[in-house]
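Some structures to go through are shown next.
Note that subunit A is present in both complexes that follow, paired respectively with subunit B and with subunit C.
Showing the complex of A and B:
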């Protein structure tokens, strides 16, 4: 993704380091980098979160709209993902340059949240068959420096957690047309239940039987193939996809799933803890881009 | 609702000639050569500069001076209604306008045969978006160390009946015109003057003068921020 060119000896240095259990920045194979998260920084959205993770920076916003449901699922709300790779992140993303990456990211998110186990869509229903809530989740990639999938999925979960939708009351019916009242009280809000929302964990293959998580852009140059695993808070795997040109040994793949499942539970816990902590700060001041 | 209350104050409590709160920051990201962030009230903009570097399409290359390109995009939730496309005709027109401003400000002959890219990301739009984009780009160019004739500062103004108002919000610009003035503050010359909606010719002078006054105020904030940034980096400043 990044315009980094490494020489053969530089690659060798990284690969041999991983074989000895030591990475260039001092982490171990299954260590994540430090993350910074803040929610509620875009006041024009129903929910928003910014996640900085190493050199990756994503901004996720959620906007709710009321729309008629699709005919085959009249009682379910919708959640739509749109990813945009900002040219700020890399000049190659200018114009339509980031579209391929954006499409694979949004397809992965669609798959991740497709299951009713991940997100209960029936709770987004307002009037069955007539109106449902549609959540538009827009992901903006502001800086792109490795493990994009993991960062984006954590950002999406955080933004959904921070989403506040005004309560909607049905006040009556007039000739088949529903009448609504949208609550103006800022305390009267509906939230999205993210207790089962999954996250993505990426394993990058370095050698035949060694994988690392959260690779830096330099490390991504050393391994052509990675497997992205969706893990829910209970450690169950909800989606997987392999990216890149290369192969995995079946055993390595199985090991990656196992470690993703164990890591996922921990990261879910830490994320939720951090979000709850942030929510409980009285009169929290938004830091934004400072 | 009136733009100016009988007490002479605007919706957000400002006097007609008062700017909104401005804050800016240089150097947010490592990857671009220069980056900056500016907040003018609720309008928030990020800018990144890549270059001077090799031109990507040789057909555009100019061996006498550099090529300047700008791309502006908006995040989906930047305003009340969701924006379906990050880039559309309007943002493309604004991109050209921003690039035009910097054509006048960058010492282009210093970078023959190369290209400078300015990318602007609007995070929140509440009036004065073009101004904020120009100010953020100027800061990002300064951070990238691109040689400029002078700072480029931009500010908006409007008129409500007979009272000129400075730095209009989205709500205020709906009811009146929005004049965006970009200038080189030390030279005192205007690089772009752009007026949306109608404005009586007799009132133009007043409005432009006020916007230029606003530019000088914004210039103080921006140059202060640049100096603070340089001091943090222990730079030696020749003029001190």
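Showing the complex of A and C:
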């Protein structure tokens, strides 16, 4: 996404490296970079997470509202994604520059969480037909340095995991109007079940029949076409989308799906492990942006 | 976010600008660190006695401000001069006001964190984190961004894209002739968008635009074989050292001053430390081979790639820990990472990066 041009020799070096199974920074084809994650750093939101992955930096916040449900789905809560590409991430995002990318990101996330298999939205229902919980997920892209889709989806999952919504009790009915009470006890919270929430894995086709994951901006410059695959924790593929101009050979595509599903299971495990570990730290200090 | 308004434990990166101002310490950046104080203090002592940079932790108190270096003073053998946004009044008091300073209530205060330069009574502060300002005679590495009439625009990590004129590159065989219309027409064949060049800063214009030149042989050996060749072949020869290269961008202030910019490191790679913070790494080419081929698109073997990858990651980790980058420091980090038996890709992990950086600083101070 970041706009860089490379010389032919640099491209050649990158592509040849992938062919030999050793990328420029020493990783193999299907190696991910180190990630840093922190949840709960925005105190005003119900849930938040910041994910730093290579040179990509995203901040995700989740806010809950009570709203009447849409008429065709009176028993389901809603989840809305809004992605903002900050001009700090890349100069070309200034003004409306990042809108296309933001739209494709939020559309991808919408698709990913639309299925009841990913997120059970009926659990967000408070009073059927009257009030449901609506989760507003805001994704702020602070720095853009490759594999944005993967980072954003992991950030969203982490933020949803960290989301704490106050418990709501229905106290009674008053002339057809339901009355409810929002718990003020900070210990009494509802959480979002993210055990089935999928993540995205991007495969960049760098040369014929070869794909890599977690490409750096330089590598993204060498291969224009990438396929984004949504994988749930069990390794099931939930969504796919191709970006960029170019083609995939059927075998390459099948291979990248296969490896995405295997990788996805591992990354899910590591993410959940890390999140649980972080949760269990007593009196955890918020590191934030320092 | 003012640095000194942070909580109790802050990490300050300090570097002694030994080359020009012995004993003066600089505050480069503040970040909360998970480093263990004790071990870091030891490093800080080492740093104090040697000429490299290191990290140092001290308690930055809100009221005291950074400038007093309250605990920081204990860490070193002598108390360094802290220069930060708001230094103690004693550091910059009855001086002439230079760049990077301002007067506040009759006291001169640094407006940026950086390196103090004194010339008699004039005192200036050069910021540490800044884009490349340029100095005449610097060897820089740049990337062509545009091809225009008679000139190329080159990205040199500066405020403006630098300018490389067609007349400022050496013509075939060092021959002095005027550039013809054909040369101008074929400019894109010589250098096109994205190409890397290694050039010299010839002039700094009034508006800060850098004018580059590649007129000396230093920037590309012209062998006898290519003496009769066209300009295009000459340029190819010149860029040949950049073939199969990878570029690492670091902050220009981290590049150590050095007369020689191109180094053939003993590990089997040629590294060019551009004064503008662009560092590129290529495999070393045997001399006889260098003179016979035009464009080297030969595959680089895996072993060489590993060396280059390791160098690249070492450069990144040095830059991440604000350690000055010189052939010595890069080679020390490289050797240290091999000694500690880290794989090339391990060097991307933050904890490993820290271990290697600390070990490299220690071994440099021995």
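Assume the second predicted complex is superposed on the first by the 290 of 290 C-alpha atoms of A that agree within 3 Å, B and C clash if a C-alpha of one lies under 4 Å from a C-alpha of the other, contacts with A are read in each partner's own complex, and residues count from 1 in each chain.
Simple rule for what comes next: a contact is a pair of C-beta atoms (placed from the backbone, for glycine too) under 8 Å apart; a residue touches a chain by one contact, two chains touch by 3 or more.
Model, not experiment: these values are computed from the prediction.
Ranked by how many residues of subunit A each touches, subunit B and subunit C are led by B. Within the superposed three-chain model, A:175 lies out of touch with both subunit B and subunit C [touch as defined at top].
Look at A:91: by the touch rule set out above, it reaches subunit B but stays clear of subunit C. Of the two partner chains, subunit C is the only one touched by A:26; subunit B is not.
In the superposed pair of complexes, A:282 makes contact with neither subunit B nor subunit C.
Touch criterion met: A:48 reaches subunit B, while subunit C stays clear of it.
Look at A:186: by the touch rule set out above, it reaches neither subunit B nor subunit C. After overlaying the two complexes on the shared chain, residue contacts for A:143 are found with subunit B alone; subunit C is out of touch.
After overlaying the two complexes on the shared chain, residue contacts for A:250 are found with neither subunit B nor subunit C. In the superposition on chain A, subunit A positions 289-290 are in contact with subunit B in one complex as well as with subunit C in the other.
Within the complex, the subunit A residues that touch subunit C are 5-10, 12-13, 16-17, 20-28, 31, 33-34, 36, 287, 289-290. On the side of subunit B, the complex with subunit A involves touching residues 25, 28-32, 35, 37, 39, 42, 44, 46-48, 50, 71, 73, 75-80, 82, 86-87, 117, 119, 121, 123-124.
The residues of subunit C lying in touch with subunit A in their complex are 1, 6, 31-32, 143, 145, 193-196, 239, 242-247, 297, 299-300, 302, 305-306, 308-310, 312-313, 343-345, 347-350. Here subunit A touches subunit B in the complex through residues 2, 42-45, 48, 55, 57, 59, 61-63, 65, 82, 84, 86-91, 94-95, 136, 138, 140, 142-145, 288-290, going by the rule given at the top.
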